[in-house]
Amino acid sequence: MTLAGRGASVALNSLEKRYEGFGAVRGVSIDIRSGEFLTLLGPSGSGKTTTLMMIAGFETPSAGDIAIDGRSVVALPAHRRNIGMVFQNYALFPHLTVAENIGFPLKQRGVAKAERARLVEEALELVRLPGYGTRQPRQLSGGQQQRVALARAIVFKPRLLLMDEPLGALDKQLRESLQLEMRRLHADLGITFIYVTHDQEEALTMSDRIAVMHEGRVAQIGPPEELYDRPENRFVAAFIGESNFLPATVRGREEGHVVAECAGSLVRATCTTNPAPGESVTLAARPERLRFVDGGWPAPPPANRLAVTVTEAVFVGERCRYVLRTGDGTSLVLKEPSSAATRRRVAGETAEVAWSVADTILV
Amino acid sequence: MSEAIAPALLAPGRTAGMNWRRLVPLLLVAPLVLFMLALYALPVLAMLSRSLLEPAPTLAHYAELAGDEVFHRIFTNTLWTTLVVTAGTLVLGYPVAMGLARARTLLPLLLIIVLLPFWTSVLVRSYAWMVLLGRHGLVNEALLAMGMLDRPLRILNTPLAVHIAMVHILLPYMILPIANALRQIDPSLARAAAGLGAGPWAVFRQVTLPLSMPGVMAGILLVFVLSLGFYITPALVGGPRDMTLSMLIAQRVEQLDWAYAATLSAVLLATALVIIAIFQRAFGVGTAFRMSAR
Amino acid sequence: MSHPSLSRRILFGLLAAPALLPGRGSAETLPEVTSIPDSLKGSGEIRVATFGGTMQEVQKRAYFEPFEKLSGIRVRDFAGSDITKIKAMVETGNVEWDLAQVSRGSVMNLQKRGDYFEKIDYDIIDAGVPAAFRFEYGLEMLVWAQVLAYRTDAFRGAVPKGWADFWDTKKFPGDRALLGAGSGNQPELEFALMAAGVPPEQVYPMDLDKAFASYTKIKRDVVKWWETGAVPVQLLTDREVVMTSVWNGRMAALQQAGVPAAVSWSQGLLKRDCWAIPKGSRNRAQAMKFIAYSTMAIPQARLSMLIPYGSVNDGANEYLSPARQEVLPSAPAIRSQLLTYNYDWWVENRDAVTARFNRWLLT
């Protein structure tokens, strides 16, 4: 057994789960590094929770393998895997006090009572709930309950912590503060986190890497910036952040870029593949990376340009949001940081937009 | 309950200024309360009062009962039977309740199987046990055929037959509340426990069982109180000495000694009430229900 | 806390109904009453409480229906006659029955405690009813016997005759059942005394010490003190006992079912049911007319042809075939072997006997 650091490494190898012919997980392979914060992100039904449940041992894979620290755990029952787990509904035992809840995994491991009490108090401090040990779970707020669940999942010092939408039931403000706390905990503990969520912002904020799941497969895996800046497919581009999709026809290649014709103009896009001239493709561009050419925010060259008509203009405070139409009828969204110095456009106006070639992705 | 409602009903003048919204629920339960009072509470009280008032105000019946050796034996026997039957239904019923709580597609079928005995009269079920438990009955014949016995066991007309038949008749009363309590337990709790290192037995012992206790208590209470009043089954399948309190009461009723029958009934009722009170105290049935309602 | 009384009558109807109607409407045609004296005619209705079940069906054919036609008085019959109900009805002044099938013992017991029954008008009663069946507050109208029954395959051809044989467990080995003290029954002290050698004519007044001493000798061999008529029959059928006391009406069904069992009439007890009119009955006069009609020879004979119970009218035997008379306790040849149950003695001693029997059995 190789122990690289305090966290476990997890290898998912062609993992599959079928329910009566329906494939919930259809070949997932991910190598999770020791100490990594990996998020499985996807809409409901994408297979992210099923994958997590297979790692935890609550579901048995139909095919494929799960190895923790290089050793297959598929045959091990859940209670022998030594994995911390936090559930969306907290799953605190309602008949036990907070201290008994946190002490539960220690009790299963035969930790003596005094030692147990010490570790429980330590864990309570770690989640910033010192002195809450004698309370009943139902006396706590949702956020407090989730901290208790977190304390319970880490008190026995597992090398891997699984979390299934742990913040899903909380309000936005609480969620944001707990997100930061989870990052801090992750940094302090140094153990491997596998986190499931459908909230892309949460995933982007916390993760070292994100695996975007779609219909039982990994659509793309990578660090948040990479997924945002260079989505490899239309699903990822749409699911993470907002994207404009422009139909285009490939005309050729130039300096490592693809040159395509879009709404009568030639635009350049970064591309890892090699599409043939004449092929129809889709280009993606983020709304906040488009600029009006005469807006005083010149895009860094090399830039693409398109002539558009403004069809809708909305002031949202920190920015302005415009809906534009290109010559071939494609709708685009453009977000402009608001400034009293910038002229606001009105519907019906014509304009020219530009954006960096680096921000143009062929998906 | 009646005290809270009676003034509202009897003094309409005083309630005129009362908020109607508060009055409506009272009015809604009033018919039920009156019904229970008139058709249940009053007759029971009238019956019980015979133990103190016939032929003249007296405690003589209770004195007689206190010194009645036959009563002591029968009361002990009744309590013992009740204990054994309650334990039997619990041990046999709990696993069935777990099956019922976990069943999905099979649930309707399992429910029918569990409830089936409800649709057969106690009389018919007791006769069925006579046929099954006899020395030449199905149970003995099967054990003989399997070579587990070399001569038939006497089961019918013994306390064991009473216990078997009563457990069978009362099982649904144990199974249903437990299954209901088990169904209310969040399934992620068992997963959480397993994930935290608890093996199947530890999950059961430390999570499932304690969380099902409200149902267990309700089941125990129901079975205990119901078996206190059993009459037909012990009379049919029991042995010469298997007399229960209800049989003694029936005997006295037939003898038209209603004062003593009322005295015995008062003792039976008091026993049931004491047991309920003990449960309330010891296990806080109220708080337990609140917990399971979460 | 009241329980359905396990009276022999209820079970009778429940469990033995079809087999108990030998040759219904086939073998013999029932004799008919063609006219009745004007003194038995009238109008209105009577409400009759019976023991229900097969007996009620038989009573309908034997005398309710003909009486309605001949007298012009409507008969409404109810199952579930019960002395305790009569007590409650009379005490509350809500008398729902004009006539009830009960036993002389219960009538006398209740009458000891107050005035619960109307006197019988003997001016209109048929002369064929002997004085033995007449008493002030009721008229006996049905005769049955409590007799020894045994399995014919149990003793290699030996035939038990009387209670000394029943008590002789060496000559006739095997378990026994006897009637207990529950459900309004009285233990069979008469049998215990006859077993101890007391001649039938000297049984009453009974010597309790002697009777219980005799009981003690058989106590170990009595596996069941039954209290409902279906039980001894079931025990015989299932070979649970080799000998028991039974109500004679039960045996016909048993023998028809092919169970190798027989009765020994010798030293049996002759018991009776009677009609009694609850005090305050609204249709007292009509009820009295019905009592007179139903105890006439032909109605009595009709009943005995439909069910193996005896008649109280000496004239009834004329209408009964010799074959039928072999199973009727009222037939002269059988009646002479039976001891007439002494209701007077039992009314005086029942409570003391029951208490002593309980004590003897349980302590």
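All chains are identified by letter, namely A, B and C, in their written order; residue positions are counted from 1 within each chain.
Convention: a residue touches a chain if its C-beta (ideal position, glycine included) is under 8 Å from a C-beta of that chain, and two chains touch if they have at least 3 such contacts.
Just so it is clear, the structure is predicted and the values come from calculations on it, not from any experiment.
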Supply the minimal count of touching-chain steps required to go from subunit A to subunit C. 2
Centre-most chain by CA centroid is B
Two chains sharing the most C-beta contacts: B-C
Taking each chain's mean CA coordinate, subunit A and subunit C are separated, in whole Å, by 88
Inter-centroid spacing, subunit B versus subunit A (mean Cα positions, whole Å): 55
CA centroid of subunit B to CA centroid of subunit C, Å: 36
Going by the contact rule at the top, pick out the subunit B residues touching subunit A in the complex. 186, 188-189, 191-200, 202-203, 206-207, 210-211, 291, 294
Provide the residue numbers of subunit B that touch subunit C in the complex, in ascending order. 47, 69-70, 73-74, 123, 127, 130-131, 134-137, 154, 156-157, 229, 231-232, 235-236, 239-241, 243, 246-251, 253-257, 265, 268-269
Using the touch rule from the top, collect the residues of subunit A that touch subunit B in their complex. 56-58, 77-85, 87, 89, 91, 93-95, 104-105, 107-109, 138, 152-153, 156, 162
Per the contact definition, I'd like the list of subunit C residues that touch subunit B in the complex. 1-6, 11, 14-15, 83-84, 87, 109-110, 113, 180-184, 219, 222-225, 227-228, 230-231, 234, 238-240, 350-351, 354-355, 358-359, 361-363
